[in-house]
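Data first, discussion second: the structure below is written as structure tokens.
Should a chain be cited, it is by its letter among A, B, C and D, assigned in written order, with residues numbered from 1 in that chain.
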Amino acid sequence: MIHNIVQAAYLAAMVLFIFSLHGMNHPRTARRGVFCGIAAMLLAVVATWMQPEVLNHGWIVVAIIAGFVVGVPLSRVPLTAVPQRTALSHAFGGLAAGLVGTAKYYLWVGESPEQLTTFRMTAIVAEIILGFLTFTGSLMAAGKLQELKWIPQRPVTYRGQNIVNIGLLAIAVIAGLVLIANPTGQYAPFLFPLMMGLSLLFGVLLVIPIGGADMPTVISILNSYAGLSAVAMGFVLDNKLLITAGALDGSSGLILSIIMCRAMNRSFTNVLFGAFGQVQAAKAGAEQKVYKPETIEGAAQVLEQASLVVIIPGYGMAVAQAQHRVRELHDQLTKRGITVKFAIHPVAGRMPGHMNVLLAEADVPYGDLVEMDEINGDMPQCDVALVVGANDVVNPAARTDKSSPIYGMPIIDADKAKTVYAIKRSKNPGFAGIDNELYFADQTFMLFGDAKAVVGELVKQLAREGAAAAH
Amino acid sequence: MIHNIVQAAYLAAMVLFIFSLHGMNHPRTARRGVFCGIAAMLLAVVATWMQPEVLNHGWIVVAIIAGFVVGVPLSRVPLTAVPQRTALSHAFGGLAAGLVGTAKYYLWVGESPEQLTTFRMTAIVAEIILGFLTFTGSLMAAGKLQELKWIPQRPVTYRGQNIVNIGLLAIAVIAGLVLIANPTGQYAPFLFPLMMGLSLLFGVLLVIPIGGADMPTVISILNSYAGLSAVAMGFVLDNKLLITAGALDGSSGLILSIIMCRAMNRSFTNVLFGAFGQVQAAKAGAEQKVYKPETIEGAAQVLEQASLVVIIPGYGMAVAQAQHRVRELHDQLTKRGITVKFAIHPVAGRMPGHMNVLLAEADVPYGDLVEMDEINGDMPQCDVALVVGANDVVNPAARTDKSSPIYGMPIIDADKAKTVYAIKRSKNPGFAGIDNELYFADQTFMLFGDAKAVVGELVKQLAREGAAAAH
Amino acid sequence: MAALTAASCAIAGLAFAQAPVETAATGHAAPETDYWSMLFVLVLSTFIGLGVIIRVSRLLHTPLMSLTNAISAIAVVGSILVTGGEHPKEIRILGAVALFASMTNIVSGFLITDRMLKMFKQSPAGEKKS
Amino acid sequence: MAALTAASCAIAGLAFAQAPVETAATGHAAPETDYWSMLFVLVLSTFIGLGVIIRVSRLLHTPLMSLTNAISAIAVVGSILVTGGEHPKEIRILGAVALFASMTNIVSGFLITDRMLKMFKQSPAGEKKS
């Protein structure tokens, strides 16, 4: 009886989870999706809790309360910290999987070793390795994104690094295989902790050689690992709901990483073992060509004359939290009957959809956010392209310069616009650490300074002129 | 060991089936899809056959050969007979499901009644009822489509018909419930055949009151029943592959029926219990307005002067097998630099996609087949709309006349064209059995005669003039 | 979408309908029939089915019908087991007939589908449109 | 599509990889773990996952990440069983920590997703474009 109710609840939860993700294919239905997800989770928790074998409720209550205490503040972080939060929660997910796997193993070893079938043991080993490496790996990633002092930002590399890493993982896997062959053998008590330790260590070493800027990709790869570890847990507990939810999570991570890699024209292996950030240090120095700075007034005037303005936001807008000013600029221009579009590059910023969230926060209707492929057609008709803290995503070298590390990465053709204004603080390169021909092109003028400040100035200037015109 | 190989094969087959259907979302990948399907089926058959419990191979071989002997010719039927063939194969599918269910039941009753768990018994009952009603229902449908003498084309109706039908089904279901409660009770030997008989009878009675022209919809509803009976068989045999394949089939039937009903602006219940064809007899008579006939020569001249010609094929083209002539006409016109498009209504003809297959058979590249919603935008610019044996799908009454049985059905706006030529044999109405204002409109001229003949004439005429012009 | 929701609700409904029936019987239910995993498979398959079919090109709805025919003839699996097993003759006859019927569907279904699909010719224009 | 093919092949591969491992063990495999139906569920879910995620609006990739976070915290199910069961203290401590971790993900995941989604405003233009 209970069994059937629980299974029915799990089945319903599964359906709701699928609807939940399905809802995300349009902003209109997205929030409904979230509610489906919450309902599903409630169902699953209640159904599990009411099972007869759950006898001690005290600890459960405490843990749940603790979860709320930590979870609520974690959901209030500023949007710029979202990548870190995501990484952190992958770490938690991995930890949970690893711990449950460990608990189950020792439980069965202690009470009923015959339960440790080859299949279950395989699942446990997978759960442990994936879970724990996701745990430490994601912690490292979160640290790098948070730019903690004591975590090196630049990739740390040394000769034979990959060999060492692969070696460690190999040992962990071998230990796992031995355990699968003989879950309660005489070496098991020693092999199991070894496997755990190595997985934890591997997680750290896997992420150390990766540049802070590749973290988003790494995160979503870890995302799929977290999903897989949930699947493994499902196999261990013979729970179909876990398997489905895990698979959903896993495929999401997989697809997002593929999208990112494509948009950066990089391969998984290149991201994981390429130690990308490195090239930066080397190239950054080169500075011979001359920038043509422009005044706020000048820029404002040209903007007023334009009929089509394309704003290209990048990571800089996120850093400067300039989205609200940008919105005001958009309003000032549209008020003058000027068409203003936002060109959104799939990997602008530091996570997929980063720019969309920021601009949505500033109440820009999502209808005005145009995807790269769509906008590039209009760029030749564009009078002014305003580059707000974007760099690599508008770097023509990606089209022309075979030697460039970003060669082949699809970009927004800002250089095709009649006039380009680029807002950035310094002459420093962007994430890829390379010069950007765009800044030296004839039609390009620089507006140096913090994006928030500069755009703010532009808005003031336009407002003033607007007022003047009124008189 | 064997068990694992078999399961692995089934899993692979399942994946291949999904790919098979996935391939159908573009003509380019469609044939690959078919091969995936064949591979999956082979895997499944071989895996099943190699199981140890399969001991007598003789009969299997015989049955398979027989299957080929009948199947190959069945796959060579002319395209106009495709609806019948489809109905027939649903009948076979239902029969197979019903028989296996029956066999399993008697087997278990005889050898191991304890195997007849409530769950299994429920599945068996579902399999029997669905299977057998699909069997006879589809046979009837096939007969009506084939227009067999001894099967009434027009819906046969009498007072209280629906009550009777529902009543029969209810009895069958009740018998089933009793059997579920007590699979081997003293009445079982009598109840089981009763259930079978009633299901068979219900299938016939379900289809009798439905007009021949609603058959396509009925067919795809029966299609989903066939799928469900396969699912039920999967439950009986505890076979996941059967469940998946059945579900795929079922959803296909469901979606196609929904599409058809939408395109006809009808509801399921209306199709199943509306006895649609009826109204026809009543209305058909009315004939007061005058048709304006046109000569081949006249039509040919106007066609030559056109710059955009839209050909609207309908059921008549299928009946007349005129697609090849139509293709020649298309060539004659395009040779003269005239743009020719084909306007495809979702329910033109007698099955979904009917026109597409016919025109594809005549080598019309599928790029020239334009869907209703797309073409309607261009109709006002269209100089000549050539209606080849289409009627309801171009009937303006669907837009204007609330009283019309097809009111609300989306149509192709032939009446918006500057000139309309309508090819049909007589003054008889189309499938819906109603007059068509279009034929009496000022810009409309009739070309009476068999579509194949008429279009052939047009082609000859154009060729002649072309030759003349050459001199 | 609406269709998908509706249908999967229907299926889910079926699942629940099934459950009570079961609960009554779990007493004498043979343990090895794990009907819940079958229901999970059914629901998941239905989702996939609806998702895939909705995206089938309208051009190909006729071939689609015959392809799904062939696929649902997977009932052949059951027929083989019944026909080939150590069973009384009458039962095996039923199986053989079922096997014949399924086999016919498989053969004619796949052949006619391929025959139809062979007819669909591409065209440069076609690329853009469809 | 390519992704889908690749991934599902990978999964299918996993399935086969699993199989031999099993066959070795079927001898002492506890009969009730029907690992094949689990593999079926896994493969089907992966298909659905890929199908659904590929169609997620690009606008919402950031909220998507946090939503899937929350969903994968379904591991909470396992944690509850371990924490609440009649087990030695050490084991239950592990469970409690896991439960805390999952719960944190659930709460923060759903909350932040909804917080982000609240920001997305519609606009007549929006309707047409996205």
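Criterion: a contact is a pair of C-beta atoms (placed from the backbone, for glycine too) under 8 Å apart; a residue touches a chain by one contact, two chains touch by 3 or more.
These numbers were taken from a predicted model, which means no experiment stands behind them.
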item	value
Co-neighbours of chain B and chain A - touch as defined	C, D
Farthest chain (mean CA position) relative to chain A	B
Comparison of A-C and A-D by number of C-beta pairs in contact, larger one	A-D
Inter-centroid spacing, chain D versus chain B (mean Cα positions, whole Å)	39
Whole-Å gap separating chain A and chain D, where each centre is the average of the chain's CA atoms	17
Euclidean distance of C-alpha centroids - chain C vs chain D, Å	27
Multi-chain contact residues (two or more partners), chain B	18, 22, 240, 244
Where chain C touches two or more other chains, by residue	22, 32, 34, 37-38, 40-41, 44-45, 47-48, 52
Touch relationships between chains, expressed as pairs	A-C, A-D, B-C, B-D, C-D
In the complex with chain C, residue positions of chain D that touch it	31-32, 34, 37-38, 40-41, 44-45, 47-48, 51-52
Of all residues in chain C, those that touch chain B in their complex	3, 7, 18, 21-22, 24-25, 28-30, 32-35, 37-38, 41-42, 45-46, 48-50, 52-88, 90-92, 94-130
Chain D-facing residues of chain B, complex	1, 3-5, 7-8, 11-12, 14-15, 18-19, 22, 240, 244
Interfacial residue positions of chain B with respect to chain C in the complex	13, 17-18, 20-22, 24-28, 30-31, 33-34, 37-38, 40-41, 44-45, 48-49, 51, 53-57, 59-60, 62-64, 66-68, 70-72, 74-77, 79, 82, 85-86, 89-90, 92-93, 95-97, 99-100, 102-104, 106-107, 110, 114-115, 117-120, 122, 180, 219-220, 223, 226-227, 230-231, 233-256, 258-259, 344, 346, 351-354, 356-357, 360-361, 363-371
Complex contact set, residues of chain C against chain A	1, 4-5, 8, 12, 15-16, 19-20, 22-23, 26, 36-37, 39-40, 43-44, 47
